[in-house]
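One chain, chain A, links the two complexes that follow: it is found with chain B in the first and with chain C in the second.
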Partner chain A sequence: MEILKKITGFLLEGFLTAALLLAPMSASAALDSPTRAVEHDVKAAFIYNFTKFITWPPASFENNSTPFRACIVEDMPLIEALESLTQKSTKGRQFQVIRFGSGVEAGMCHLLFIGESTERSLAKKIIASVGNSPVLTVGDYPAFATQGGIVRFIPFDGRLTFEINLEASRRSGLEISSKLLNLAKIVRGQP
Partner chain B sequence: MANPFQPDCEMPVTCIPTRSPLLPSAVPALRIARIAAFLLFAGLPYESSAGSFATASATQLANFSLEELMQVQVYSVSKQPEKSFTAPSAIHVITNDDIRRSGVTSLPEALRLAPGVQVSRIDGNKWAISIRGFAGRFSNKLLVLQDGRTLYNPMFSGVYWNVQEIMLEDIEQIEVIRGPGSTLWGANAVNGVISITTRHARDTQGGVITAAGGTWERAATGIRYGIKSGENGFVRGYGTFFYRDSQPPVDTPDLEGYWNDWRGGFRGDWDLASHDTVTLQGDAYESRAGSGFFDGVNLLGRWNRGMSDTSDLSIQLYYDRASAKKRVDADRNHHETRDTANFELQHTFAPGSRQKVVWGTGFRLTHDQLNGNTAFVPAFIPASMTEHLFSAFLQDKITLLSDSLYLILGSRIEHADITGWELQPTARILWTPHEQHTFWSAVTRAVRTPSRAETTILSQVGFIPPVTEIRLIGNSRLPSEKLIAYEAGYRYQPLPVLFFDLALFYNDYRSLIGAVQGLPQGGAPPTLVPVNIASTSTAVGRGGELSVDWRPRAWLELAVAYSFLDLSVSSSSVLPQDKLFMNVDTSPRHQLSVNSVITLPHNVNCTIWLRYVDSLSGPEVPDYVTMDARVAWKPVPNLELSLVGQNLLAAKHLEFGPDLFGNPAAQTERSMYGKVAWKF
Partner chain C sequence: MIPVSDRIHNLPFKHKLMISFMVTSIVSLVLACLIFIINDYLAKRYDLLNEATALADTLANNSTAAVTFDDTHAANEILLALRAHPNIDMAALFRKDGTKLARYSRNGASGYPEPVISPTETTFDHNTIHVFRPIYLEKEQIGRIYLRYDLTAMGVRQFRFIWLALFVLIVVSCVSYAIASRLMQYISKPVQNLVEVARAVSLKRDYGIRAESYRSDEIGTLSESFNAMLAQIQERDIQLVMYHEQLEMQVSKRTHELETANAQLTFEIAERTKAERARNLMEYELLNSRKLESIGVLAGGIAHDFNNILTAVVGFISLARYKTKDNEQIQAFLKNAENGCFRAKNLTQQLLTFARGGKPVRKITSLTTILREAIDISMVGSNVSCDLALSKNLPPANIDAGQIIQVFSNLLINACQAMPNGGFVTVSGETFRVDDESVLPMPPGEYIRVVVKDFGCGIAEEHLHRIFDPYFSTKPMGNGLGLATCYSIIKNHGGMITVSSEQEKGSTFSVYLPAADRSITTKVPAVVHALVGTAMQKESGRVLVMDDEEIVRSVAGELFAILGYAAAFACDGDEAIAMYRDARDRGVPFDITILDVTIPGGMGGVETVEKLLSYDSKACVIVSSGYANDLVMSHYRSHGFKGVLPKPYSLDDITALLRSL
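Right after this comes the complex of A and B.
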């Protein structure tokens, strides 16, 4: 028993020293490990990507040079992440990020994100103000779908997945491509 | 320190644990600082070359396909949930991920992850766990719950930690509140609240099998499987078994630390309509810990209706049966069976746009049956009791300045058979002048209800030949212990990856329960010397906790927690039992923890966790520094292999003194185990 303990102790010290010394160095050799990213950066990329798989009615753009307007409620890190994408275009339109606040009406937005940090009653009001306008509402808190939101992010096993509320999307008049629907978890939310 | 049941027996001689050659003798605080500094800076010089390995920016991610995006490992910048940044109390949340990456295998050890929690291992299956002082095997001022079911046992006022070992993989989070939570949680939430939440059945679909083996964790295995139930529901079932080695007490070879445990349970969650959710869950266990046999079952149902977005109603019912058969000493047993039924209702609503009200009411019935194998020692009179607890509370969060200044007022009124009506009010103020800053302050009154033992014990605890008997006598008219707590806190998040949390407190305790010597009876020499349970003491606790979470690189996470406690008790009694019953001088002045998690390439990650705990003056426990380390590898996404070393810096060290029954403390030994976790 004593000898076993000694061996264990020896192995442990060796293992620790190795871990300490090797850890930082081997970090540069990371080529085949899965991509890691900060949550709001991933959300921003999802949001940008969603716009490619959804068709807005032509009437929601004033003219051909009207930018695509993504409105974000309160979530500053997400706004900053999305602002790094404003050089990009989506379906030939400039991708514009707007901080949702006074002076911005929900109807002006093509996409509207309401996050977990937003007070529930305010979130409800904003979603209600969207009504049946062609606005893609995106959120990340559990009650979002039942409040009438369309796309909700769901953290799963350290990754992000999303669900789509079919009822809400039909009411908005947006056309969601089958590719997006296939990847999403489908919920049949309240009417 | 003496054994309460044998006043004339001495505590076993403690020996100073040998230090590891890794750490030559020096001031421990300095030593840990040196190790911490080494850990911090060892990695930094390499960073520029490491760059942002496999961490993608938003611009890079925007070029990913949706399928690729769904494979990206997401980490959130602040480890603490959004809500705990603006909570008007000292709160820390331990997540499922934190537990997994720390390598701990038992619930008590997991609690070391929260700042300001004292976790002192008494032996292989007993712990003294407390917050802000008064730690003992039964820490009577700390309330602990799992999924809304109280784990706090009124027998000795504390938690039997050895029967709470649910499957760690299924824990969603452990919320640790330092300071009183009496208004929302009720009596006994005096120094803190620990609330364990298991995962929603939806989040545990599919199967998990784990198997581990090592030097302390001899064999441990768990299986869980979750399926869909109907159109809108999910259920899971689990079973676990472990066998843990005995850790010999300081000088006596004993099997008191031996521990094995069988357990099984289920949880189901259903969405009934768009507004209603129902949860049904239950567990059953059988455990042998040292000379004690434990078994129990519980069943809990919860119905929740989201009536509107600001209004929410929930009703919860549970039944819990727990039985413990313990050896008190060589020829005395304590056998206890307790049935608890509990009903709770809670309603949240917003009367107007500036107020948010939560109120609730509850009723608890608890029935016990106590037997000893010897008629008189120790005995509780009556041997069976039914107690009723009624409570109601209301709390209002008032917006004084939109989005920045809130006033929270509330109170709970509670009626227990022993102590009658008690009022537990709180007033809190919360100010968030800027999204990076939160200030809060609170004044709260909390009470601790006297335990079944304190009110009804009648036990011969010693005998001085030829005729004098020493008898411990409970007091059924004991008032509650009382606390007025003054707290303040500040949180600061200057960067998304850097988070500071500071909490300070001043605790003013009254009517603390200890023991006094009564009038000797029966002439000279007396035939009877009573030791009476009584309110003997007042106390003042001062201190604070500071924690820093920092993610200097995408692959490196650091969590540093420091806590300070200065607790002084003034008692009107000189009996040694007084201090023992009250758990005086059983908490360290300083505690420091430095935890680093390193994500390596090839799906390897590594945790190094250092802890310093100051000496205890009551049970004479020297200070110690220790370290846990874990390395884990995921060769494929569904399989995780890990190797964990615990308490590595010394062959063994002592963390606490004997428990209330005089069971000697055991040295915590260096240990190691390997584990396989497979998801399918």
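Right after this comes the complex of A and C.
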């Protein structure tokens, strides 16, 4: 617990700046439960910012006005955190947040977040359904990369870091900026 | 102190040129170096700024992810890349809110102040550029990057540049000085040459010197113009000299003309003066002549008559003396009377000489004798001594000795009278030539000039022109005929007499007489008044006396009667001839016939003797006249006369005459 507390403290401290950075979108979330909200806000910010350092193949968009679709599996607080960012755009496209569920195909998402709370089997199934489609899969549980996910959040030293599975990203046909790669811990996932 | 500008003004042209060239080149070079250095500095700064900005931008770009994900570690990693840039000694990354994300400092130095976010992108301070660049992610500023650029190295570089520039400046100055001095010759040498030529020209005044002219630039043109000017001056000089010479020639010509004219004028004036003097003299002479002539006529008439009367007086006195030989007292009275008569005779003779002009009985005579005689006669018993100085070759003169002696006697007596207290008179004689130039109104020829000079009282100026007038005298006892007679005699000899005098200093009389050919000198017949002694020899015979005067005839008759002659008388020539014939025809011819020369209104002696001789060639005819100096009297033989009996005559005169026959 001591460790948890410490982590949380660190996160709080580290996220404070990120929160400030992302103040407009985290304002409402912060009112309900500050700690969780901050964590989710940071993650949401990370997710949003990833889109700026990653290039999707043009074919993944139907046309120029096709919004950027970020699909979130089950994690409602994160969805809420991201909702505040839907006013913004990324790479000239509207940033759209979609709750991944029935009727939503993994292939139509540009980004797919699978949180810790999602069952591992379901998660695995969803990842499998993505296959080699140009979908950036983001998760925050340890086995995510090994299951074929591309980006995984790792809390480290009071900060939120992430690792990138280069194999998975290459398969998906996404181009990840070297700048992003410089920040990430690179892992080689199983095929 | 002389101002710098003046000192530059006084510098030689060459140095001026050099100074201007050097100053120009050095200033240009310094300016160029300055511009280069400043430009280099600015360019370098600009470059550095660009470099820094570019570097900042690159880093900003590289750090977008790190800033976006607030990754301090990654950010520091990125900044560490600046180690490769030695000029950047500090850098920092700032978040959007201005808080610092990462910091870099060279060698970990902490001496630098903490970077503070600044709104300006770039600022310069001493040796430093501060660059602030925004970090953009998809056009959204997510943070800023700060770079501090150290310019010290650039300063060093600038410093090196300045040294280099100085070095270049020195080298270039030296080189340009060398080049300039070489090139300057092209400008300064011709100018120098021109200056030297100008100086030489002005110094020597030799306009024949020419400047070298071998190029067609301005100096060449100047040289040519200068030469042309010199040529013009030379030409003008030549012309001037020519004009001057012409002028001088003209002046000398004019001067010569003037001199000639002047000489001509002087000559003419002299001529005129001479002519004037000659004219005056001539006028004077003429006047004198006329005056004397008229007086002469009068005096002559009186003297003639007087002489006849005197003849009677003398004759009768001599008769009386003859008759009263025994009475001593009567003899003495008669002697005195006779002497008085002789004086009267002399007077009449003088008058007659003067009146008739006394035609002289001339003979070639030496003046020396004449003058000695005149001196002897005049100076006897006088306290005046005479100094006679005659030139050795004094020619003789054709003169009537008696008349000339009379002239000099008169002059000498006058001289003696002018010096009553004694003194001396100089008499000098010399030849004198009268030519065309002479002012003396005498025909050209050789003359004898005798100057009688006394040192007496002199003649008053107002008297000077009258002294030759007859009867003009300043002496109480003078008859006023002496100088008039002198004048007349000399004039009749073809000569002239002049006078000059200064009161209280003396008078000078100059007598001019024509010189005779010296080869025909004859011995002077001594004028001897052979007085017949009282012892008379009685003769007998018949005598015919022709005279117009009754009183003369009567006294002649008495005188001849005493001498034993029977006298017959005729009034004129015709009567005399008739009586002579008649007597001869009757067998009682006249032994002696005495004829008067002048018979007014009848035949004179000269004509009568001719006729008598044509009738009787052996007739003894004697001429008698009161004109003792008459030509007939002096040349009686040429007229056929056997003797002369000047009137008045005494018994002694007749006795002497009869004896000489």
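Note that the second predicted complex is superposed on the first by the 154 of 191 C-alpha atoms of A that agree within 3 Å, B and C clash if a C-alpha of one lies under 4 Å from a C-alpha of the other, contacts with A are read in each partner's own complex, and residues count from 1 in each chain.
Going forward, contacts are C-beta pairs under 8 Å (C-beta built on N, C-alpha and C of every residue); 3 or more make two chains touch, one makes a residue touch a chain.
Keep in mind that what you see is a predicted model, and the values were worked out from it rather than measured.
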Original post:
Who does A:Glu116 touch here: chain B (first), chain C (second), both, or neither?
Top reply: first
Original post:
Thinking of the overlay built on chain A, is A:Leu183 touched by chain B (first), by chain C (second), by both, or by neither?
Top reply: both
Subject >> Superposition-derived comparison: chain B or chain C, residues of chain A touched >> reply: B
**OP:** Check whether A:Lys91 is in contact with chain B, with chain C, with both or with neither, and answer first, second, both or neither.
**Re:** second
Subject >> chain B versus chain C as contact partner of A:Phe46, first or second or both or neither >> reply: both
Original post:
Is A:Ala59 in contact with chain B, with chain C, with both, or with neither (first, second, both, neither)?
Top reply: neither
**OP:** State which residues of chain A lie in both footprints, the one left by chain B and the one left by chain C.
**Re:** 20-21, 46, 49, 53, 159, 161, 179-180, 183
**OP:** Would you tell me which residues of chain B are touching chain A in their complex?
**Re:** 22, 38-39, 42-47, 49-51, 53-59, 61-62, 64-77, 82, 97, 203, 215, 274-275, 306, 309-310, 350, 353, 435, 496, 554-555, 598-603, 606, 608, 627, 629, 631, 643, 645, 648, 651, 670, 672
**OP:** Report the residues of chain C in contact with chain A in the complex, numbered from low to high.
**Re:** 62, 64-66, 68-71, 74, 77, 95-97, 99, 137-138, 142
Subject >> chain A - residues contacting chain B, complex >> reply: 5, 8-9, 12-13, 15-16, 19-21, 23-42, 44-46, 48-49, 53, 76-77, 81-82, 84-85, 88, 116-117, 120-121, 123-124, 143, 146-147, 155-156, 158-161, 179-180, 183, 189-190
Subject >> chain C-touching residues of chain A, taken from the complex the two chains share >> reply: 14, 17-18, 20-21, 46, 49, 52-53, 90-91, 159, 161, 177, 179-180, 182-183
